[in-house]
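Every chain is named by a letter (A, B, C and D) in the order it is written, and numbering of its residues begins at 1.
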């Protein structure tokens, strides 16, 4: 019964499939169009908003010359780099990949990304970009990826709520102390629950951003020595704990899980008055809460004069080690990071771009509505305050050691002093070991 | 005596022909990568630029200098210890219910199988919503019974129970296996038991359970192996960190971070072989204990 | 004498009455049990379905509504066109065809080959069977991450990158999980059946084909469902091995809704449900195959 | 047709356990051999070696002069009926019976003809389209038989085919199998643990214990002249009485009871030097008689015993009593009314007793003469 029917069916299926594209072995790039060199470009921009923008940039490049044909492939976010790594190991990588800026030096050290200095010697494009971004791509003085886009953290605040609480909507908090005072006034408590929360620092960013903000210093100094156990960091955590006590774990966790899972954000409907996020968060306000009257500001200072330091990240375009067409890939990267493409990207996606000129142009671009321009200008201005925290090549997984300590402190399982001391010690051990 | 090719040996050869596809597949696709990963566990392999022999350094570091290794091992053992008995019992119980003649049984079966089909990141993100301590469905429902729900994914004491709870939700896959094997139990056995005056529970306990032991055994062995490799749910639900306070830093998650975040592939491979040895020993113990309680109808002689 | 007769008659009547009562009792008991089952199953279904309701509800909301806090249980507006938009957001037609192609081949391979191999392990005695079987199990115990890179390199050397071969071909060489599962089912087939067939003149291949396959139908159905599920939901395989978007599968397609900054939850959920639907339908109609158990003890006590 | 020979056959399991040792047997064409013995005696192993399901560890096995050791089962031209019938549950009765023929590539009409013939022979005509689970135990048994018959094999093996049936069916099927054999005259080897089956069906019985043949012979021969105490005790129901004692002054002395031994037996016992030695005397219950009160009572060889239990089995009554401290069963005519507690005189038919070496349990037989007793 089931035997006699199955076998012929099976062979029939095989026969049909043998003509199918998925069963053709050989070089996938064999179908070159004419004399053009086809280069593979992988990005994770597949959404209905970003895809057309990057496709247009690629198309422009393909039309602009007749030697190189870029083939853009969408590879899912996050997993794209696992795939890239496997492809590099198999010596069959794509020619250009978008990757995380903060680990560029690490990939340079590990020989995953190509050293770009040979191209930079011929045409130096380093002055196109924000210095902080450019420096993040360097390992031992050589660049391993060209900055594409970036971000920073700014404070969003609800102007309507400010008015209700008797605050001046054009005067956002400038210091941590003010932030606290404002929040006190903005809080609307209803029995045990809150109808409106003024502010909580760890929604949107983590405590490390506040530690960076407190004194402009990362967990490592210039020489790579850990400096996490600092006075400023202790104060920061104390401040964070104060907030924690103020609202209580239940309220905080409930909101946090919504915000973390990227669903439901209390800022949109006024249940949260102040919120820290990237400038691009504005697009969500624009799309999901168009009526919200809000303002943007730089992160407040710990104390007057300590600086409005903010934290940023971003992405680079890199040539994986083993690419068959690095020259052509370089040409494409140049196009990708040049003013025209960058400005187009910035305007269409409302995204911070790495190219300074393009960023400034975008802020003045006629396509951008006035409301957008305000936020965008703030994003650009804030770049001056923005620091990146590139992964230290000698201790790439240091956060594995720091995070549990910070968690313990916030959960009240460890005192701040103890937690930071332990963190400092494990980091010292780690750097010691990898020397 | 001519002992070259008697029919028993011929039969043995047939046996090899039967498993030939596996042998070929093993040699072609699995053996190479396995041997490679074993060899690389004695090196500082980082996938792209280095692969120098370092002897037992990786293994030594794991046991002597790496607290996270022990943390991750503890977390994994905790998870396995609770999730395996619970999911096994849950699946058996559920299939016993679904093996009855109840109106709409086909729909029920489909419904209970649903979670097993739902897979991937989306489901875990969904669960993050449901486990939201404030507005999440789980705590809301607990609230109806006056039970204050815990902080689940934010409380290091509750993260693992949350994952186990989630696992229980999707016992439908195991249920399928048990259902298939329960169908093979002879009706006459139940009839005989009824005549002997056995209650429903006794029938279940003394007929159903013994008759499906081969599948229980299969389920336990494979879920143990799978349980030790818990990864994706923890990865997604802790944002790839394993927090809070490393409470979701499971063995494979830590290994993943070592392999693909710090590119310490040699180290990760050493970790994988330690896990292999642990799971292998447990499986061998399982196989040795099996004859005491696993009843194969086919071997009754 | 009449007294005796009356007494006897009364006794008879009583006996009949008590028999009635007995059977009535059994009847009501059975009905009651069935009712309890039904209630249990229905209550459980709610538990199972509530996360799925969440998916459905989210899939019908507008993004603005998804983002409101606290979340709403029902969509305020039912945006049915989300489903159409989802399907149009990427070439899902192509993805569906691709996924069906891969899945079909994997299922055929899994069902045929694993059954073949498992028969060898269960019913053909040969030297080294125990050790080889232990190796089969061992292959499940090594976490996939550590063999991921070497395996990719291997397939790359075979020029199989950007083809379906790495996704489909291994299925034709057996998988440890299914071999183990089917072996467990073969073990429950009485050896006498095999021996009888041997004496009748059948070779092992013949026995496998004419006796082994039909008798393990429920298990094969389970394997079919599991392998269907596995191939249909496979994410990592297609992700790694397919470079051409025209070859992508549904699971890869769904990823377009997940960005680095925000996720289009409504489309993601709508897409997930659409992808889930065929599996559910298939399961619903397929379940009769593993419900059709075969009573293996037909000869016995 | 077929003659089978087993020569010095051994079976070892795992090189430690010896299941069968030094098995020698020669079967003539058309014989019905029954292998009998308690469970674990190796009888099934012998059968399975003949079938080719177990390997012969050492020794030789021939069918019609052809060495079969290395021939796979399918080429031995044998048919076998299993204890659990081993019917294929997914096939109809017809398909079950036709299976072997299909494999041997018989023509369709030939298969049909043979199956229908066998079905008629076994009364299965109406059931050909049913599946095994819709059959009763006896019907399944018949199908299993039919499956073997259609093959028309040289050798017919049956492994406890009746043990899963109830008493009445077993009795009926026993007769049927015997009848079948008379018709088909196929050489058959039949394994059972039931001595009654063995006695009633066999042309020759082989009694086995612990992997060793105890005795081979025609049922009557084995019954009348058991080679040892094991065979004596195993064959026959109720089983043979055994009394330990010694020969003193031409009498067999059991504790305080003395019984005269006939001179012809005394002769060889004396010759072989058993006088004064520990011996075991075996006597079948039917050879113990009840003496009528009065006339014969008190004569020599009569034993006064108190009846403990009296069991009516139909034509006979079993009387349980003690000889000294050793249990004794007598089978007497059922019309004799003896109640428990009653004291009666019993007498032994001493011409029918056997003497066994107490240590070895082997029957002491006249050295030269082959005079049979009874």
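Please note the rule applied: a residue touches a chain if its C-beta (ideal position, glycine included) is under 8 Å from a C-beta of that chain, and two chains touch if they have at least 3 such contacts.
Only a predicted model underlies this, so the values are computations on that prediction, with no experimental measurement involved.
Annotation: A-C is the more contact-rich of the chain pairs A-C and B-D, by number of C-beta pairs in contact. Innermost chain of the displayed assembly, by C-alpha centre distance to the whole-protein C-alpha centre, is B. A straight line joining the Cα centres of chain A and chain D is 89 Å long. One finds 39 Å separating the Cα centroids of chain A and chain C. With centres set at the average Cα position, the gap from chain B to chain D is 54 Å. We define each chain's centre as the mean of its Cα atoms; on that basis chain B and chain C are separated by 16 Å.
Taken residue by residue, chain D touches two or more other chains at 52, 72-73, whereas all remaining positions touch fewer. Residue positions of chain A touching 2 or more other chains, listed in rising order: 82, 85, 89, 255, 258, 263. Each of the following residues of chain B touches two or more other chains: 8, 11, 47, 125, 129, 134-135, 260. Contact between chains, per the stated criterion, is found for A-B, A-C, B-C, B-D, C-D.
Note for the complex: chain D touches chain C at residues 51-53, 72-74, 78-80, 82-90, 99-100, 103-104, 132-133, 140, 147, 151, 164. Chain B meets chain D in the complex at residues 2, 5-8, 10-11. By the touch rule above, chain C contacts chain A in their complex via residues 58, 63-64, 66-71, 89-90, 98, 101-102, 104-105, 108, 112, 148-149, 152-153, 156-165, 209-210, 213-214, 235-236, 239-240, 243-247, 252, 255-265.
Only residues 33-34, 37-38, 40-42, 44-45, 47-52, 54-55, 69-71, 113, 116-117, 119-122, 124-127, 129, 132, 134-147, 149-151, 154, 170, 172-174, 177, 179-181, 184-191, 203-205, 208, 218-219, 221-222, 225-226, 229, 233, 235, 251, 254, 258, 263, 268-269, 272, 276, 279-280, 283-284, 287, 290-298, 300-301 of chain C touch chain B when the two sit together in their complex. Interface residues of chain D, counted against chain B in their complex, comprise 52, 55, 69-73.
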